[in-house]
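See below for the structure under consideration.
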């Protein structure tokens, strides 16, 4: 059994955002899957998806702090792809480090995440706009 | 055909650990799959999974050396999520860089890995304890 | 329905290379899948796969610039796995940061990528040689 759904996420400010509940609300089909996997894929190269801590908002802001230091915009001088500004190439780099999809087990009609896990949308652009994701569920 | 199994890995010290054989021993179901994929997912945000070199143990210790330098605990001063110590936020960061799951092809009843590939458990905490993983196999 | 195919990619120079069309040409089976996922897996630990911008070649060269600075060969002195030279351990590190597989949604017989997305082979070795990948399609 394969279920596929395209979802548009509303624009969010640059940073890391918890989107688990937003995705779950748009996926009533999940309830009919007893075991399987969900691949959640973002159709952009300047935003990414990851799984991390779902409780303390400071994890999200600390992630932003880390990635801005690890992929600094002041390195723009080393890059050629700079037409759209200092957050252009750095966003592409961050999106490959973090990844364009997460794959999550489904058990008894729900994402089988750990207690402290949530799905993050990582918005790397200053003005990224709405983001499209494709969710594909395979299971039975 | 979908097979799903929850596995608890014994506590391991901080560092990178080869767990391919431990997972294979707990997955006799693999033998009945001629082609498909296995998603191996860790239900934690301070440990991660990756695939790397399976022969020379110094690759595992060099990985620990690299990630401790790339995500240094001395940067703790820049973070707010520090309640559990210097290895708290750095572990969350490392887990998103490396990822919470690996997806591996299955061919003729076995993981279809390259000759030199193995599955690593990346334990980022000083005292991480036992780690739960969920393996989901989809195939025929 | 599960389709699996082993593909050998020709040797490429060190750097980031767009391989979307090469993979599509070798996957006529894709046309018969209306919805599903494709897992593209590289059987090596010194090369990796990622998804990034498919239009401007300078994104690929800027990615090489970034990763050479983030995982510098001059750090070789900190590593023990150095038998094959300065690009040995750094290649293993880069491959775990970027990842050994990408999972992509399939919709109506095609990869359902965003307009600007392409599949990159990331060749981290100076002389990596031909690279083997395994593509597994699950869907209906």
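Letters A, B and C mark the chains as written, and numbering starts fresh at 1 in each.
Quick note on the criterion: a residue touches a chain if its C-beta (ideal position, glycine included) is under 8 Å from a C-beta of that chain, and two chains touch if they have at least 3 such contacts.
Keep in mind the model is a prediction, meaning the values are calculated, not measured.
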Copy pair chain B, chain C: interface residue numbering same or different (half cut): different
Rigid-body rotation angle, chain B and chain A, from Cα fit (steps of 5°): 120
Chain centre separation (chain B, chain C; CA means) in Å: 20
Chain A: positions in contact with at least two other chains: 70, 97, 99, 103, 138
Chain A contact footprint on chain C (complex, rising order): 35-37, 50-53, 56, 58-59, 61-63, 65-66, 69-70, 97-99, 102-107, 112-117, 120, 138-140
Partner chain A, residues of chain B touching it in the complex: 2, 4, 39, 41-45, 70-71, 75, 78-81, 89, 92-93, 95-97, 99-101, 103, 132, 134, 136, 138
